Each structure stands twice: as structure tokens, then as C-alpha cells.
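There are two complexes below, and they share chain A, which is joined by chain B in the first and by chain C in the second.
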Partner chain A sequence: MKTLSRLGLLSAAVAMGALAGLPALAQDSVNVTNLSYRTGPFAATGTPVMNGQRDYIMMLNERDGGVNGVKIVYDECETGYNTEKGAECYEKTKGSSIVTQPWSTGITLQVLPKSNVDKIPILAPGYGFSPMAEGKTFTWAFNPPTTYWDGASMILQNIADGNLDSLKGKKIVLLHLDAPFGKEPIPLMQAYAEKHGFTLLPIPVGLKEMQNQSAQWLQIRRERPDFVVMWGWGAMNAGALTEAAKTKFPMDKFVGIWWSGSDADLKTVGEAGKGYRSISWSFPVSDSKTMQDIKTHVIDKGKSLSAPGEFDYVFYQRGVVISMFAVEAIKSAQAHFNTKVVTPEQLRWGFENLKLDDAYLAEIGFTGMVPPFSTSCANHAGHSGGWMLQWDGAKFVKSSDLLKADETMIQPLAIAEAKKYAEANAPWPTNDECKM
Partner chain B sequence: MLYRTAGQFKTSYVADHALFPVRQDAWLLAFILLLAFVVFPMTASEFAFRALLIPVLIYALAALGLNILTGYAGQLSLGTAAFMGVGAYACYKMTTIFPGMNLLLAIGLSGFFSAAVGVAFGLPSLRIKGFYLAIATLAAQFFLVWLFEKWAWLYNYNASGAIQVTNIQMLGITVAGPQASAMVQYYFVLGVVCLVTVFAINITRGRIGRMWKAVRDMDIAAELVGINLMKAKLSAFAVSSYIVGIAGALFVFLWRGAAEPVLFDIPLSFRVLFIAIIGGLGSILGNYLGAILIVALPVIISTLPAALGLPIPSAMVEHLNTMIIGALIIAFLIIEPHGLARFWAIIREKLIIWPFPH
Partner chain C sequence: MDFLNSLLVKPFADMVAAPDFLIQVLWEGIVSGVLYALIALGFVLIYKSSRIFNFAQGIMVVFAALTLVGLHEKGVPALLAVPLTLVVMFILAVGIERVVLRPLVNQPDIILFMATIGITLFLVGFGEIIFGGENKVMITEQLYIPTGSFEFEPFGGFVSIEQKDLTAVIGAGLLVIALLVFLNRSKMGRAIRALGDDHQAALSVGISLSTIWVLVWFISGIIALATGIVWGARAGVSFALEVIAFKALPVLMLGGLESVSGAIIGGLMIGILEKLFEIYWGQPLLGGNTETWFAFVFALFVLLFRPQGLFGERIIERV
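So, the complex of A and B:
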């Protein structure tokens, strides 16, 4: 009985603790929480990115003592790519963090309508709902440097050698994860298919089929497509690549989105993956100033969680770039509002006024790691464009110059979709102050 | 001493059949209701509302629905999540086709859709039972989730394939959607859950409930004493799926705010089944205890390291969480295989005779 009552007391104390909420913020720091996933079926691709994000912030805290004297606290809330956990993490962290990084299109869709009410910016670099780039409608959401629709446009341009009409009569398979993320490019690619006369065949891969895609690849073999475009993530990438290698699908006709270009996945197929391409808005430059500083201040001191060799990975360095976006937004908000500890509202302004040109990227030590871009109140993505990367059997190399998406095609669709979203979620506040 | 029943005389049949023949039980319930209706809403943070209180209530409701089918009528079902999905999608279609519709009405009606689907998939129960029936309900699970994915009309041809809850007002107060306040949603859910619980307690105590229990314990004997098996089994499927459908509509409209088809996949079914089994099959109280253990405890554990200032990385916390909850489930099942409700019943019995056990 005694143990029981003690148990009861303990659980009551625990419940009270949870109800009372989380400890308050310290004064001279800002909190950038990441809704990470180092567990679950997407951990393999998620972990290097999270490591990169964490290590860049750590390096700044070590090297400069934070940003202009303000320490940046990098916390993680584990979601396991589960939308339920993600929404829980959002609720848990929205009081303390100045930004929310949902890290899954499903979680982004979940928190997107709440960001207006809670007034906290969403940073979804290179993922989320593509029309989020329309800043006049999506006041609080940011998906720099480029959107999925941009990615689809760039991939099509690259496989058509710049002339989309040359795709006429061809067949393109879109092998995609059967989740909001994977369905994202379908409307745009369908519009392209109608305009340029090629056949688009979406083949979904369910969450349960990610590791065993024999049915999908059997269908691909039967259809004999001219190109396979992949919108995959996590265990799906490795599954698709091994299956493609097994069925001897020509790798130079297999192109992935930026989340399907993980070194670790291609290492599992090695030489057989030679020729596989993946569009990317970031590129690993291991001898850049930033990366060298991370090496000296974090990795060599044994403070990094990253695995050996991960340092040179596309995904690890992409994580570094993502944290840089958040830090640069903090910096520009600090300068504009003449303050040290920025609030979520001020950070929103910062995200709207990112000016990352070549000279500035060189100054902060990011030369060649991300294409230059700038955001505005109407343009929350920046549409930086990207490079086509190609696997040479051991690592990714650039195989194209900087590609730019065809905004004349994308923008009307994005505006229409944004309008549709706002209407479906009425009353939806728009940013009417933006006159651009 | 606290639970002494001496001196509580029953002088009429009505008193003898009261819901709470022991006065202390009624006091305890009053105390819990006071907590739920007054104390929690006054003290809870938004996080507590959205991550603890609301989900516990909704999961408990879903488990209650399953418990009627599995615990009372003895028909094992693995399709709970799919029936929740039917309720959610029905509610979504109704609120988008008739935008001004009262949400309470829409949720109440959406239960009928899942009841109809539940009865349809319950038909095999007339011929097969046990594990074979479980497989038949599993078919419902796979088929319905596939339908939610492929039938674009269900999600209004949305490009992402997900349904999103818009701001819905009732009597001038926003009750669903991003602008709804957590407290309003909590009261809404609490009201519905209380209502359904009272209904479930009464139906399981009455003629229909006894019929279900007879079928559960031995269906041939039940048939011999004159119980219509078809009526008993299908009514259990209907009532159970109705409650599960309501839980599904609440799940999406009052809690999640958006849902993709994969949400209603088999892990959710198992989760609800675990709640029902660990809470105790054939009990009402057990669903709440099970939901607290399965839904709320992991959330509380994951906030502990931060609250105590322990520097444990969140991925590690998640691993520990899985281990702790798994160990607790096994421990509870070893201590009391009949679930937490039975555990409480034993404690209560001991308390009644305490401090003189003989």
C-alpha cells in the first residue's frame, strides 16, 4: 500500500510538473528549436541534416559567443517524422522558441494555419507547401531558398537539355512517397505535361512499401519510361536506388529531388549508382571557411554527434546552410530593430529581408555552398535555383551550371493555390502592408 | 476506513441498482468531474490541453467504442482506425458541403456513417469468430485506408491528399480550426465524451449489454436461451462503430486540425486496442486509465528531463520513453492480466475492508 501511495504521489507530482509548463527563457539567449527526427524510418536521411544544423550553431557559440553577443540555444524535440508527435512538439516549443522548424511537409501543413494565430515564423527550407513562397498570403511561413515546384521545373529543364519541347511524346515516371511531401510536385508537373506534350505517370510508394519497391519497379520496367523522377525521403531513397541497380535501370535517366541525394544512400549502391542525378540548392564545400571553423571548433573537439566521414556529405553541409538561414535572419532583425534578443515578430521581418549575395556569402564563409538569393515580403522563398549534382561512384559532383526555375509558369499556379488555401481557411489574414 | 461501506443501507430496489451503490464511489467521481470541469481548465497550459487532456479524452472515447465490441460482445476488431477515419471523413464532407452546419450535429451524424460501415464489415462475424474475424476487420482496415487515399472526392481533390479543418463557429464561438482556443475545444470534447460515457454505462448495464455479454461468454449457449445472435453482434458493431466514428471526428476536428490517410493506418488501430486491453476489456473506467498510460505518460516522460534540467538529447529521451512505456505495459500485464480497471477494483476491495482484512 505504501508503494502504491508513493507511486500516486509521484505521478501527481509529475502531472503537476507537466501542467505548469516549461521553464522560462534566459535573457541573453535566443532559442531556435528544431523538430528533429533521429529515430524512425526517416532517421537515416534526417540525422546528417540535424547534425549539420546543430554543429553550425555550436560553432558560432564557440567561435563568436553566439550572434552579436547573444547565445543561440539549439534544442531538439524528437518527432520521428510522426505528425502527431510533431504537433505535440510544436505546442511544447512555441512558447520558448523564436522559430519553428517542422521538418516534414505533413507537420508543416499541420502548423501552417496555427502560425498566424501563434505569431511564430515557420522555417521550412526547401520543403513544405510550395505556394508558401507567396508571402502576401502566408505571412509567417518561409521556404527559402527554393520550393519543390522550382525543383520540379529545374529537373525537367535539365533532363530536356533546356528545351522542354524536346520532351514531347516522352514518358516520365514520378516515383513519389505517398505522403503530402511526395504529392507536392504533381500539380505543376501535370501542367508541364499538358503544355509540352509528355506523359506523366505518378507511381506512389506507400510508407510501408519504402524498403521493398519491387512492385513499383516492375511497373517501371513494363512502362519503359524515358526518365524516372524521384520524390523520396528516408528509407525510400535507398530502396529505390538498390531496386534500380538490381533491375539495371539506366542511372543517367534517374533523377531525384534534393532530399533524394543523400551520400549515405548512394554509398550503399556505390559504382552501380554512377550517373544518378539529384537537383540540389546546396553543395558541400569542405574547405570553405565555415566548414573549416566547424571542423576546428566542433568536430575536432569531439562535440559533434556526426559519424566519421559525414562531414563531407551533401546533407550534413545542407544542415549547416539551413542553420545559416536562421542565423542570418536573426542578424538582420537585430540590426533593423537595434536589439539583441529578437522576438518571433522581429525574426519574421528578418526572414523577409535576407540578402545573401555572392559577396556576403563569401564574407560569412559560405562561398559556393548555396546560390545567392534574397527574400522580400512577397517572396518568401527567394527562388535561388540550384545545381544538378551527379554521383560519380564515390561522391556527388556538380554536373550543371546554376539552374533557375521557370517562374512565369510557376507563379500563376502558386498564386492560385495560395488563394485557394486562404479561401478554404477563411478568415485567413493576409499581409496587406506588402505592396510589392 | 476511507472506503467503509458499513452503515450504507439499501432500502429500495432503485437504491440497490444505482450506478454507484457505494457512496464513496460517487464522491470519487464527483471529485474527478470537478477536476476535469473546473480545476484542469483553470490550471492547464495550452500545451497541457493540446498534448495531454484533449488526446487522452479522445483516445479514451475510441477505446470505449472498441471495448463495447471486443470487451462486451467478444468480437475482436483490428479495424478501429479505419472506422475512426470514416467518421472523420464523413464529418469533413458534411462541414464542407454544408458550411454553416452545427459541428456538434455534424459529429453526431458522422457516427452514423461509420456505424453503417461497421455493420457492413461486421457481417462476417455471423459466420466466423475469433482470429478469423480479426482478419476480416483487418481487411476493412486496409480497404478503407486505401479508399481514403484513392477517392479524391473525399478530400475535395486537395493536392496534398490531406483534409484540413477550417475555422468552424458554433454560437459565435470558434470551436474548430486554427483559431479555436484550446479551452473551448477541451470543453467540447469533454462534453461529448461525458455524454457518450453515460450512454455507454447505461447500455452495457441494461438488456442489450447483458445480451452482448452472453454472446461473448458462449454464443451457442446464448443462442439456446433465445438471444438473436445476428441482432446482438450487429448491434454491437453498430454501437461500437458509432462511438469510434465520433471519436475519429473529434480526433481530426477538435485535436489534429488536419489528417492524411496514413494517419488512420494500422498503428492507430493497435494503439486503441492496446489502450482497451491494458485498461481492461469489458470495463468503462479502464479506457480512461489505459489512455492515461498509453497517451499521456509518454508526453509527461518526455517533458521530465527538461523540467528537471537533465541534459539528455531528445532522441535519447524518445528511446528511453519507448523502453519505459514498454516495460510498464509488460509490468502491468504481469501484475494484473485483466487490465488497470481490474487493478483498481482490487485496490478498492482492499480499501473497503481495510484496516481489518479478516
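So, the complex of A and C:
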């Protein structure tokens, strides 16, 4: 029955996608295409997030008829997390969608220069190239609510109990996917290592080795690090957790970035993963108003593609939060430009003017699901900070108050890297109107 | 001088200094090798009987493992889910023979190879619709696969052998023996080999092409299920399992596409050598992650001297 329901939903999604192209609907709808990856080696990460994104939009359409009377069409173009396919999806959808959600650091880097020409905003929440937060350089790219470098800074502060000098003489392994995403924190962590006197040892994991990391964990056994920080995606996370449990590496010394904190991955090791931590800029609050409305309008009506139990997962609810960012940018642009159907240029303004404080998050039903933050023309991330989550053997629980990244350390590096990127890709248009 | 020392002396000194660690490295290499050999076997069987390089072997592993876990999620007891999964794999084999292979009889090899890419794309989409893309936990304990570990302290050190890995090695060994007995001793097995040697001659003595194709695709399905259980027990069941098929390519280059024993020995050689190279040379000298390319370079090196692979048949075509 569930299978038939899935097939039915898929047919409906295809039909909706086809209808979205009709001019008659173009006047009262906006298209937010997602370059999704529900297949391939990273589907385990992508699927629950995409389900959450899809279900939030569906709930708004069901409950409110869209946003201020404008229906939101949620389309997906499957990339399988493949950069070439991602670039094709971008070209295919840039004419119809008001935003591009590239969903991999590799694809983000590919479409970054194109977005300047096509004038379409890139929404890359919590991923992509960290210096994209520098809005004066990256006019069309947005990575709210926080960047990978923020994540690295928060992890280091947390494992050092707030005193980074206590890491002096210690050894930290960075177990990372051998891809642009995995290499992203290395420059910042190296800068930290030089400043605070610890040894950073990056250990790459290739795509074909994600599920058999015995060599990497033999190296970890030999090196005897004080901490292992994981920058994993997809099957790499479960592979690393299994090996860590197998080699009896102390889980409380093992910390991951937010894409290494999936309930489904931790369930692979279950009780043996107890104590593992993951920094996160989102937290599942299943009894929040938004989640309850999704349950009523989408889940209970059998319209969701999510697996049983996925509703409570960190990744599913992170997907909901991500779609909320896009919706709030649309709302913001609608109000500012006094229009209903916003254009990509107007949406860019919306992303630059997100004001998500505690009161507003409560008003839209997201209390406790994401830290408050706001963006500006200079700050395209918001740098919300995040919470350290810990696996208790069955689920993730919060194990810290809200952590904030050390922007005094990150900002100079981000500005320098943004400048370097712009020079390497000259002529690169910058936002000179931004005076912040 | 330092470089030569770290290339020719230090690795061996490290091996002698920490023999327990060397034993652990060798064991992990054996486990990896067996896992590679299992994947390679699926390719070999189909190639042996039909000269088709089955690009779909990786996705068959995913499909078999997802079916097993999916059936169990629907409430089917684990020990019943296994035979039911085999039924599904048999239906898949019949479907592939009827819909894809039969209409393409006598077509060039490249057409049949392309058809297996089509099968892959179909199974990716079909599997996603039916089972979703989320990571699923392999039903290891329900299948009575032991999950503890044996721990030893040789030379005052420490060696840990996962019971799961030991079961995989023994299980794979038994599967290979059964396969060899079947291919060499049974009538159907000999028919498969005959078809691999010469299609026309085999057909002329009454061997049914379609029956044998269904049979080999089904046996590949059994191997895919075994591979899926073993790999799924390591890191969960997801579409990522498809990628492991690429690990079989250098094994096939090394062992030869037609040789069952070549797949086993090739798999073990690559598993052990790539692990030794990564730990003692790759990580200290090259920054690690040499496993992504070592097996291919090693296989290429062997091909320079034996173009048919270590155990492949030397075919001389007279013009």
C-alpha cells in the first residue's frame, strides 16, 4: 500500500512538475527547484533532508494556499550528488526557478560564477564555500544560518571546553571525505593549529572507501589522537561510526560536523555510538507548531515520502528549516517590493534581509528548531551559531547551550579567501552598493 | 637519503617493531580481499556464460540488500526474508532475460553492455521508489550473525577480530566452494561453462541459452545478496553499496574476467597489498587515500606482463 502510495505521489509530483511549466500558472506561483540527490552514494544524507524540504512547502500550500496567495511549486532535479549532473540541472532549471539549491559543495562551486551572469540566488544552507558569507564579494550566494568554518570553530571550542590553549600539544585527526566539502575546514583548522599549538592530521576517505574505512582507522589507532573530528557525508558517516565502534575509539572524543549527525547513521551502531557528538544549527522539536501542522496536513494524509519514524529525525526537520529560509526570503521580498510573484532579483534582496529573531521564530512555529539570526548585504550567512548534539544510544539530545563561532578568527581569513577567489575569477562583480 | 630510508627501510622496521599491528593490517586486508572477491564473482559468472560485462552488478547488491531489509521492515521474519529475497532475485533474473537479453541475442557485446547500464538506471529509480534512499540497518543479529569480537594480545600487543568479519570470510569461502563444485561437477554448471566457451556449439548440443542466462543471473543475484549482507553489516544498507562494485574492476583486471579462482585470488591479493601499501607507504609518504588508485596501478602493472590477467584464458585468434 505504501509502495502504491509512493508511486502515486511520484506520479503526482511529475504531473505537478509538468504543470509548473504552463504559462497559466506562472502568474500565481513561484518555483523553488531543489537539485536533489535521492540516489547514489550520498542518498542517505539527502533523502531525509529533501523529504523535510518538500513536506514543509506542501504543508504551506495545503494549510495557507502558499505564501500570501502565491502557490509554491517544489520541484526536484536529481543529481545523485554528481557535480556534472548538478551543473546540468542548474542549466535546465535556471529559467523556471527563482532560486538554485545546489546541494553539494562541488556543485555550488560550479554554479557560483554562473549565478552572477544568470542573476539567480544560490541557497546553500550550512554548506558550500565558507567565504560565500562575504556578501560584498558573493552577491548572489547565501549560506545561512552558519558556515563550515563556523562549525569547525564551534567544534574546537567545545572539545577544548572553551579554552583553545588547552589543546596545546594535542593531536586532532580530521577524518574527511576526499572532496571539496571534506577539505573545506582545513585552512581554518590549520590556522587554529598554528595559533594554539596542536597538531592537525587530515585523513582523507575516498568515495569507494566510505564503507570500508579499516585503513583510515588503523592509522587512527597508530596515531593515537586526542580527538577525531569528522567531516563526512552520506555513507561515510555510518562507515566511520562502525569502524570507531569496532576499534573501541572513545565516542566522547569523536565529533562530527552537522552533516555527520544523522539519526539513521547512528542507528547503524546504536548503543555503541553513545557519547558521539555532532555540532548542529538545527534541532528537532516534533511538538512545535510547524511540525504538528506538517503532521496534520502532510504525514497523516499519506502525502509524505518520509520513512516511518523519520519525522523526529534531525535531518528531516533540518530540511523543514531549510525550506523555511526560502519561504521567509520570499515573504520578505513580497513585502518589500509590494508584489506577489517575486523574481530572482527580488528574492536575492529577501535573502539579504532575513530577520529571524526568537519572537518571529515563535510566531511562525519554529521555536527551538534553529538559533535566531539575521542577514545583511555584507553577511550572507547570519552566523547563528549552533548546539552540540549528543547521541544517547537511541536519539540525539542537546549537550550544550548555544555555541558561537569565533568570528574574530574567521572573518580575516574569510575576507582574504573571498578576495583571492574574486581575483582568481576576475572580472568578478562585487556589491559596491553595500556600505556595511 | 631520508626518502630512500622511508621507502625501503622504515616500513619494514615498523612491521617488525609492532607485529601485532601488522597482524591486524593483514587481517583487515584479508577481510577486504574477500569482500572484493565476492563482488568480482558476480561479474565473472555472467561474463563466463554470456560475454556480458554486467554493469548492473553493483545495483543488484543494493537491490538485494534493500529487499531483504525492506521485507523484514514489513514484518517478515529474517530467516523467511532471505528465501523471499532470493525469489525476488529469481524474478528479476527471469525479467532481465525476457525483457532485455532475449531481444538482444546476437547483438554485439557493446550493445549488451549498454543494456546492463539501462538495467542499472532502472533499478536505481525502481529501488528508490520502493524502498526510499534512507540508510537502513542490516538485520545482522536477526540473521544470527555474531557481532562480538575475539581479542588477542600477541607479542604484548593487541589484535581484534570482529566475529562479523570472520563470519563473512567463512561464509564467502563456503559460497565459493559451493560455486566451484556447482560449475565443475553439476550438469548445469558444465552447461554454463560450455556456453561460455562456444555459444554455437553449446546450442547445437541442446543447451538452452535462455535457461542458462536466467540461471547465471540468478546465481549473480545470490552472490549480490551475500555481498549486500556482508557489506551492509559494516555500514548500513543504502545506495552507496553500488559504489563498491568499482572495487571489483581491478580484481577482474588482475584475475581475469573468466576465472572464478582468479576473482578469489585477485581479490585477496588486492585486499592485502593495498592495505599494506596504504598503511606503511601511502599514509607516511603520500598523505593517505592510496586505496583509491593502488589496485588499478597494480593491476595495470600485471597486465603489462600478462594481458589476459593472472588467471584469464589466453585467446589466440587466427586471421
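Quick note on the criterion: the second predicted complex is superposed on the first by the 411 of 436 C-alpha atoms of A that agree within 3 Å, B and C clash if a C-alpha of one lies under 4 Å from a C-alpha of the other, contacts with A are read in each partner's own complex, and residues count from 1 in each chain.
As a convention for this text, a residue touches a chain if its C-beta (ideal position, glycine included) is under 8 Å from a C-beta of that chain, and two chains touch if they have at least 3 such contacts.
Keep in mind that what you see is a predicted model, and the values were worked out from it rather than measured.
Novice: Using the touch definition from the top, say if A:48 reaches chain B (first), chain C (second), both or neither.
Specialist: In the superposition, A:48 contacts chain C only.
Novice: Could you say whether A:38 touches chain B, chain C, both of them, or neither, answering first, second, both or neither?
Specialist: In the superposition, A:38 contacts both chain B and chain C.
Novice: Going by the contact rule set out at the top, does A:114 touch chain B (first), chain C (second), both, or neither?
Specialist: first
Novice: Given the touch rule stated above, what does A:265 touch, chain B (first), chain C (second), both, or neither?
Specialist: Only chain C; A:265 stays clear of chain B.
Novice: State whether A:178 touches chain B only (first), chain C only (second), both chains, or neither.
Specialist: A:178: touches chain B and chain C.
Novice: Who does A:84 touch here: chain B (first), chain C (second), both, or neither?
Specialist: First partner only.
Novice: Taking the superposition on A as described, I'd like to know which of chain B and chain C A:207 touches: first, second, both or neither.
Specialist: A:207 sits against chain B and chain C alike.
Novice: State whether A:216 touches chain B only (first), chain C only (second), both chains, or neither.
Specialist: second
Novice: Is A:156 contacted by the first partner chain B, the second partner chain C, both or neither?
Specialist: It touches nothing on chain B or chain C.
Novice: Give me the intersection of chain A's contacts with chain B and its contacts with chain C, in residue numbers.
Specialist: 38-39, 178, 206-208, 305
Novice: Where on chain A does chain C make contact in their complex?
Specialist: Residues 3, 6-7, 10, 38-44, 46-48, 178, 202-212, 214-216, 218-219, 221-222, 234-235, 238-239, 242, 246-248, 262, 264-265, 267-268, 270, 305, 307, 310 of chain A touch chain C in their complex.
Novice: In the complex of these two chains, what residues of chain A are touching chain B?
Specialist: So the residues of chain A in touch with chain B come to 1, 4, 14-15, 17-23, 36, 38-39, 75-78, 80, 83-84, 87-88, 91-92, 95, 105-106, 109-110, 113-114, 116-117, 129, 178-180, 183-184, 186-187, 206-208, 305, 417, 424-427.
Novice: Write out the stretch or stretches of chain B touching chain A in their complex.
Specialist: Touching chain A from chain B are residues 40, 43-48, 50-52, 149, 159-162, 164, 166-167, 177-179, 256-258, 260, 262-263, 265, 299-300, 302-304, 306-307, 309, 313-315, 317-319, 347, 350.
Novice: Quick one: in the complex, what on chain C touches chain A?
Specialist: Touch list, chain C to chain A: 21, 24-25, 28, 31-32, 35, 124-125, 128-130, 132-137, 149, 160, 162, 231, 234-236, 238-244, 246-247, 274-275, 278-279, 283, 287-289, 291-292.
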